[in-house]
């Protein structure tokens, strides 16, 4: 009996949490079309298409920038997931010199205020001619996303263990093939999670993109943030809405593609 | 191909698990590896397959040193004790995995998988996933997959442990047939001595990371090198005594024995003991355990701590509490030098 | 297999790591007053000393620690409950997860917008209370933003980080719960106990890392405290940011020294985290290694 | 920076600012000019991209690339490039003023002097004007050209608050009456900071600051009465002055929502823009103190490592033309920087014709109530003092 | 307590796995569940423990319906076929886990864990982790952990499958002792009929999700209800025939049989057949398989497809290719109505 009620409590908690996440989203939808929303009204008192017009205005190049921004973030996400898989394998399965240091390094970008790192790397990148180039931005985004992706991949790699791959070896699969046919499908949920996480981080990265991209590499955040910072709720919300919708679209596409790799969606896809 | 294990030592977590193992398996030979739980059988198989690295020693296959060859090039295929089926693949995909690795085309793969599934009596299961089948079914799939890998050396780690006698018999025959047909050098780990005795050309007995005896089944059963080996095959009662002039002399009985002089322990296994009812005897049946085809009698001698066991093939009329006389079958007595 | 394999595998991360360290050193060097571009060439600890000696430093530090500790501990706890809720009610995929990703996606500046729209004395909650007749004026609504109780900032972080923790640890917990959780219940552990003794400890690596990530993040981020915090005392990162946007470029070392201190404290926190988790692991280490 | 070298001639002909404007025009042809500045104003973005950029393309074959970036990041970028020794940077023109200009010039990040090489500078700008000579009390020396004029104005909704405070005393009464419904953005917010300076000017006058030593004690002493006033004011402010909104944007939002009865803006025609957008009620009105409010000019500078200085100069020359200034006035409602009396009648007519919209003060009235900014180096000191002695006190 | 399974049906992935199972286990009774691999044994145990939900039917314990009781309150403890040890705990912690759940204090927990480890012959292993022990060791830990849980109903899913005979014997005794001492109602799933026959009060035989026979060991062995049950216990040769007036009449032989008239199949198991050497016989030994204590002879009849098997207890002098006469032990013949 008590068990049933604990389950019910969890359900209530879950629905509350989901509501709490969704409710504010409604606000940005309203604000994207609202002009005035004075006290004490629960709904806006006047609406306008100012936000929509601004977004579709050709001079703002919102959509070209959105496209290139998505491409950039997807690249980062893919690379980040790949590097994370490699690093996680190394850390989990092998003993090598410097493992402890590596373990720390892979976490370190999280432990450094972005101003310090960004200003430092900026100078380095200028010297290496990486500043103001998409490659430079991809590299810094990678550095920022890797702590997350490495951790995700590492937990999963650890929990899957080496048993299955060993089995594949003795059945004649080379390490690469055993990875491809055995570990990769088993890691797939984690890979999707990593790609998602890295994409989110890259797509919403502002300061470093600004400094390293130098305005030559435009991302969506860079056109959105000034309006939010200025406190323009209508434009800020309109941009935010585009931000959210485009990302959800991207996730749907990622999921559809990934689903092709896996047969049993219901079992292995927790995305 | 001939498999030679030379002086292999293995440590895990800083514990010495295998201690200088030497073992040669002839080309196409079928040997069994026996030994108590935890003695290192699985570790030895994994070392042969290259999954565990030895600290010392070498493994040779057909005269070639394997040590630096990665597992996937050794063609030493294990059926693991814990199956290790791939959860993201159907049974057919699991079984055709090694074929796919060899570059066999898809339809051929599937055909062969279905064939093998039939052989392990799992017809119609090809599209199930691993978590939809029972323990014994998993074990059979693991076996089928290993057979599909076309092994040069087949390492079976308790491959029949979850199967009932009938299935087990079929599977044994399947393995033996293929093994004979393709001359696969095979090592079977089992805890079922009957299985080992019936299937093997030779048996290696392991104890605590070492091989105590490596011999033909009958020899190992009838002439165990020490009480550890003897006990493993069937327990019985030990009587200490001495052999002099081809006779074993002990506190309890004297009997002819075809051995050199010296102190010996005589092992009386249940099968060596015949009983018949007799009212005026020192021996009493204290328990009669039903074993299907026969009964096991536990017999105590009055005023001593001598405990014996006997197999009763006919139900007869002997019951718990009856007094019995006993008779030893001297051909079934086992003498172990002390 | 091959001795070289691990080194090949870590090549990219090592390259990026070297770049990262190079950048970091380059950045941190500025905090010692070495920025030749602005004719600052003396290597000195003065900036650090001045920052630490400033009367507001301790207050700021306390405030920052308070915000980041409370919000990350609460996030970890609530996030774990949310993960459990997802796992135990069978929502490990589909819509629920999409919603959770949504929260991770929203930038902090927009979260600030949410907070203001909902929690301020002018916000939707206040309006609702007003409509329901619970309050008579805006000012009757408790002040959650811009005050020293920092409730608004903490709620803002919770909104983002609770889903993050859930997303980060979901896969691990889901996989553990199935077989081992079942076994524990069979041995007489209630759902709750099976969760606490089996599922939770085995999910701890993920939850712990998530905690560390948000702890250090919230210690170093300025968006929410800047937009929702009290004017004084300011959180350290806000102060660092304000120093950073100080028009006088020769002022930059102060910003960098402040960031240097944030870095130092973050590393101390991370160090403590590793000490704590490793001391617990000494026993459990083996099973993770093999 | 590759973009900027598409003209094959450019490499052959070394850039020389003194080579004459025609040479510059020639050099600028077919190049790209990047213009870095704050990007949070959609009207300005639209003006630059839809009006100025096509015109430049057509007239000079110059591609204008507008990049929205906060000035602190622009400076950080320039500083980084300087530190790395980058001769050809990525920024050409910078929208800048005040303390930032002071610091950028001081640290040798800017190119100049260049204004004297611009034909339109002589033609349209009053070169003797205080705000053309000095930016926040700091000599410009030809390192930046005026771009637009800003002035602090106050906004109120006349339907809510009929009274209009004309000085600090009336303002205090106003706050008393609308207790808890007035506030300003916490310093160092640009607007909040200007507001505090305006109050200080009203209480202790502004002349003394023009020559004041940048010393905290000196400043503190000078503004003590104003500090007293601000502390008194706190009692009646929003949240009793214990805290202040972090940005002026937030203040503006609170005003829009009716949580505050007064807002302020550095854009003198903010009321008109807001009413046009529909975010303000039609009844919103602009007001200033009788003694005036601080006003400043914002400027365009050229980066020292600009890869296309010729192009930048051509663009700036165009921006300070009467035509562009008039267009800008029409589109953005920023005060033009051209000297009215240097304009032809035709040009004058064009400026006069501009409908500046509802709820605002006319240009001449504004300019007559315009107080000069104090020297750049005093500003951070005042901000520091405010934090220490006003907030929550 | 008495366990009653009433009409239980279970479906997994839309496949009907258990079909209206009825089974009553008396308080303190020890029953075995036998059946071919995949017949639904594990599923039944999991259903009793509440881990799998039945689609229909009820489970009663001591007369109380269990259906709505969550697993942890049922005190029906399983030893899982796949062990499910907790990887983050030492062996001692694994075993004391159920004790901890009962609120036993720490030191008591550890004491008891060490005690139990000793009982399963793993003394000194208390601080090892699960991945540092062998397959058989894991199985014993799983057993010890279940015993620690103080079960009211103990459900053993092939708990001895990875153990060799000696250890298995010890573990059986351990289980039986505790089971008797605490009157634990026990269901053992095993594929080893000898084990089932020797340990159980009753045996339930499952086939394809149904229970075909539920009876005392001797009855089920000697009077199987059909050939499926009969075959399971030991294969042999079936001879069709008819019983009339207490005599079984077939093409090959006639023999007295204490059954009602009707058509029967007579099952001749190896143990029912005695052979002796004879040169002029139709029966020929085609194979002689060593089985340790005895030999299995495979015998074919000339000019027919009759194949028989016999157990040879003495090595004697019978070899492959010898001609033999055969003799049937009528008490060991089994008659199954057709």
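The first chain written gets the first letter, and so on, giving A, B, C, D and E; residue counts start at 1 in each chain.
Definition applied: a residue touches a chain if its C-beta (ideal position, glycine included) is under 8 Å from a C-beta of that chain, and two chains touch if they have at least 3 such contacts.
Keep in mind that this is a model prediction, so the values were computed, not measured.
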Two chains joined by the most C-beta pairs in contact, as defined above: A-C
Most central chain, judged by mean C-alpha position against the global CA mean: A
Of all other chains, the one whose Cα centre sits farthest from subunit B: D
Gap in Å, rounded to a whole number, between the CA centres of subunit E and subunit C: 57
Interchain centroid distance [CA atoms averaged], subunit A/subunit C, Å: 16
Between subunit E and subunit B, distance of the C-alpha-averaged centres to the nearest whole Å: 20
For subunit B, residues that touch 2 or more chains besides their own: 13, 70-71, 82
Sites on subunit A at which at least two other chains make contact: 3, 39, 119, 122-124, 175, 229, 233
For subunit D, residues that touch 2 or more chains besides their own: 70, 76, 80, 83, 247, 250, 253, 257-259
Of subunit E, residues touching subunit B in the complex: 12-13, 34-38, 41-43, 81-82, 132-137, 140, 157-158, 161-169, 191-194, 197-198, 217-218, 221, 231-235, 269, 271, 289-294, 296, 311, 313-315, 329, 331
Of all residues in subunit C, those that touch subunit E in their complex: 179-180, 182-191, 193-194, 197-198, 201-202, 283-284, 286-287, 290
Subunit B residues within the subunit A interface of the complex: 49-51, 70-72, 74-78, 80, 82, 84, 86-88, 90, 97-98, 100-102, 129, 131, 145-146, 149
Footprint of subunit A on subunit D - complex, ascending: 1, 34, 36, 38-42, 45-46, 49-50, 67-70, 73, 76-77, 80-81, 83-86, 90-91, 247-250, 252-253, 256-259, 277-279, 281
Subunit C to subunit D touching residues, read off their complex: 35-39, 116, 120-122, 138-139, 143, 146-147, 226-232, 242, 244-250, 252
